[in-house]
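What follows is a structure written as structure tokens; I'll ask about it next.
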């Protein structure tokens, strides 16, 4: 198993995992331009499920073709490609072993208002599709949170046994204000819950400096937790993910201008975050521009 | 496995499927008058479940007999015959290997107002009945959508493992207006969801040029997606089915006059659609007239 | 397997069933006074569950004893005896192989208003009790119809695999008027649904000439379906059961005077129905009178 | 298998049961002071679950210790001891084979108002604890009745296969008046349902002469069912339990004075009931007084 | 198996358990400073799940690191360490066999108001992580109590079969007043229910002398149960746990001053309680102070 000292140190934190899982985690860390650095950039493409194909792909029509995304992930040197079942099936043979795959096992859709997701994947299918990991989303704060966590539990237990890496998207919604969904005290809670659920890789949104007025707010004020600067908030999230013993990556959410995005990456890097999940900011622009942007981002993560 | 270059090219898009599934898909494409052309006409007969026997068959009383439909599918040279369990059981021996069978595994009924369906079939029964495929319906936008998708997931996973083709009827209803159920922005979303769920063959209704005012509408306007002509809409649906990597066929819905129907077929053909599912327009007229109509339709698909 | 030409012809309609199931169906058709005629009289005794023991048996107190019913079915020469688990258990040894048994696997009770039934039997228990068939009830039109159909699906799939005959009681209720529960357009729909669910024997109530004003009503008027005479309605139900390819039997419901009952039997016979399920009209009168009545009925079915 | 003619005659009614079940039923009938008489006295101790420990045991503080109840059942010569999992676990070794055990598999609690019970035992645990029987409670008339019956079905099916006796507590509640819960027409219905569910031993409350005004009331009046005297009501319940083919025992409910209790036992005996379940009337008094009371009761049942 | 007479006597109460379970229970009793005394101090760290990471750990920031808690349990000489899946996974290798582990299998979270918990662990995972026990929480009085008890039943049955100790947190809430959640009549009921559910170790909150006005209140007054002094209340809880045949430990709840805490420990010891679960009072202070406090507590339990 080819690795680097940085990666070996990260893997050591996963004390209970079997060799296959560690090998798959190593593979993700040793793929692409960030290979061996301990940082990750993951391409997720489930927006077609969550927002519909046109809102996702019309702006860059090549992206209607699933192969476009496989190629983008490979050509831009990303660490892994995450997508729902049907999309991964299309490139099974053409892109075999060219980029680690994450089977996104549940998805929501905007045709319904229900704060829930549908299971569309499984460990059995992830194994069939030669994936390195499975992905799952929970909504802390929603009415379905207990069921979602229990689905994650079943999935992760089976995945670990099958030697797969478990990636958990933890997106608060429901019980808090809209602004509160990215409040630092809410995101840190969601990240910690994901760690306790046994995720190997945690994915949260970048937190704002807003504090949702709930039972956890006072602990920020009383203990002087620094949240004014973004990199401090990233650092805090890393701390809430078992003090850095679990890998946490960040999404920026909606497409924004490149300067904002680059500044976010710098803050993630400075705060000790493990990398980014970049979807719309990569596939909603022409391929060469996307490759350039990813290149700029990897340079930041590589400290160039 | 006898095939044609056109079909081989289509099968190549199913990169992850096992040989049995590909053989069954090939069989459907190599059956009937459209054999080898890459186009399909499928006869579905679950209207007795969904609308009652009399609304379905009284106008052409021979159609009360299930064997009538087997014979119609065979004599008209259709690609496959889809029906619920009980109906397929009646012709198991008489029509063995004479037409590919699709076991329709769930059905609604109009004695209840619930926007849901009952499971009546299974992969085990499809195998027992020597079927080539299983069929399933989901209602994107309904309150039951998550459960329906998860039922489809279980069924498809087992079906693929058993070497069967998976056909998904994707019919929006519930959260949108009645008109919106066939709006181009709604149908395209429903078709894409079906592809992501791992369907081999997707079935949607022909979309209208109406745009349901939801979160996806703007992407049509901003990106100048052409939706005025029917063939352009068909072309767009094909694009939303993984840019043509998944087979999508269209239903016309309620019986209409032949001229309208023929014009629809021409638009499907021109737009690159893979064919039609024709139920009421075939079995609700005398058999010879139905055969003639199907013959006219196949001629269009064959470019005659 | 001893049979007659009439029965062999009926069995031929069950093209997909295994030899054990056909043997059990043959056994039911070859038992009792109607042996070999293609007609059936079945004794069902689940009224104790559905209406309580006293409303069922007080009028003929011998009927409190389950053995009374075994003996009645045997002595009157009926085709089969259907009852819930506990009742069949009492006669397992005494009446072994003396009359085909149908394990009624679900029952309602009038202590609750819920339009649902409780599962009390299973295929495993039916096999243990040496039964030839299992019975199940669905309520088309009720809020539980999807769950009930899915329970039937599971039960029937297992039963067919175990070589048992599947009998489906299809009793509309819930979405229609009280009068509509026996309307010809509702009963025909319920009978057809039962056939599509894969029942070998379908049981419905005798339909009235009333037309429930629902989406199916117009097809009766537009297509001149004859419903004035009872035998015509029976004929129509037979047609809706796959044009006679599935056995359909009728219940008369509440006890009535013998003349009415005899006229109903004549209509069933004339309309091509396959026989009767007679519960309260047999066990709620003294045994000799019941035997006489069943004798009169069998004579009608035998064309005497 | 040591037995008596009376017991052999009772066992003959259980025609479908395997030898292990019959052996266990025989063991219960051959234990204690009523050994071989065909009568039973069972000690049930789940009041701690249903009413809390203090309301159950404070009046006789020795009863907080589970071993007290094992010893009471043995020393008083009772036929069996019924209790939830945790209580039976405590005496597994000390009292092995000294008294037949009935694992009470579900219990309610008065901290909640829900008319339902929690499953706390299983056949697997009953086998592990060397029990002779499992016990279960249903609430005919409650909103949960269908689920409860289906839980009983699963449990009984497994229990019979494992050679255990099935005891069903059938306690009406929910749809009827408070007074109606012990009305003779309600209790007889509940007892009959228990028999149909396949119970070997049925437990109901002693019925009053009240008639709940429901659909079964008229059958009492029209058929002159005698319900004025308690022993006549007991006789009627026995008739509703398959005319005596199933064992039915009675509970008196809340503690009452001894004279009332003795009169009830006399009525049960005269009416042909199979015995009593006596909980609070035994363990809520000093042990010697309890033993004396049980002795008085057994003398009645033995006809002394 | 190294043990002491005190522990052997305790183990004898677990008459039905297999050798592996007894060995694990012995291991917990033979670990740490209270080794062999028959008393326990357990460190539970699921507050991060229940209250969020910051409210739990910000006051003593080292505690964000899961290894801190393993070390604290070991260095302070505690009997066992209880935590959710993800936290136990982090120390699997580093702290192997250094302290008995309890996998806390369900957790609530304060982002939702639902009075329920999510399953996050399993027996399979507990075995994989080399745990000695599994832990579970029920909420007597909540709307979910029946489901929670049934989840506990499934878990415990599997755990006992796998040789694990079963720890049940029994925390009333829902149907009673806020004050009633720690009322002596409510806590005693909750403790007894836990014992009946088959728990090996029961965990309740220290009860107050308040009596919730429910159906159990009168039994305290009528039977002169002494509840004025805390040690008397502890003694009563021990009595309600099968008269001391089951181990019951107490939590103090929110952090309080050390004097109050020490007085509580003295009362637990005097009343015959088996020890304490101490979470926030240990990890929310500097490590050396925590070790000192635990040392003071163990001295009380050792009678020094």
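Read from first to last, the chains carry the letters A, B, C, D and E; within each, the first residue is number 1.
Note that in this section contacts are C-beta pairs under 8 Å (C-beta built on N, C-alpha and C of every residue); 3 or more make two chains touch, one makes a residue touch a chain.
Only a predicted model underlies this, so the values are computations on that prediction, with no experimental measurement involved.
Traced through touching neighbours, the fewest hops from chain A to chain D number 2. Judged by shared residue numbers over all numbers used at their interface, chain A and chain E contact each other through mostly different positions, with under half in common. Chain E has its Cα centroid 58 Å from the Cα centroid of chain C. As a whole-number value, the distance joining the C-alpha centres of chain D and chain E reads 36 Å.
Shown for chain D are the residues in touch with two or more other chains, of which there are none. Chain contact topology: the protein chains form a single closed ring, every chain touching exactly two others. Put simply, chain E touches chain D in their complex at residues 13-17, 140-143, 145-146, 149-150, 153, 157, 172, 174-176, 185-186, 188-190, 192-193, 195-199, 214-216, 218-220, 222-223, 225, 239-240, 242-243, 245-246.
The residues of chain A lying in touch with chain B in their complex are 46, 48-49, 51-55, 58-59, 61, 64-67, 84-94, 107, 109-114, 116-122, 124-125, 128-129.
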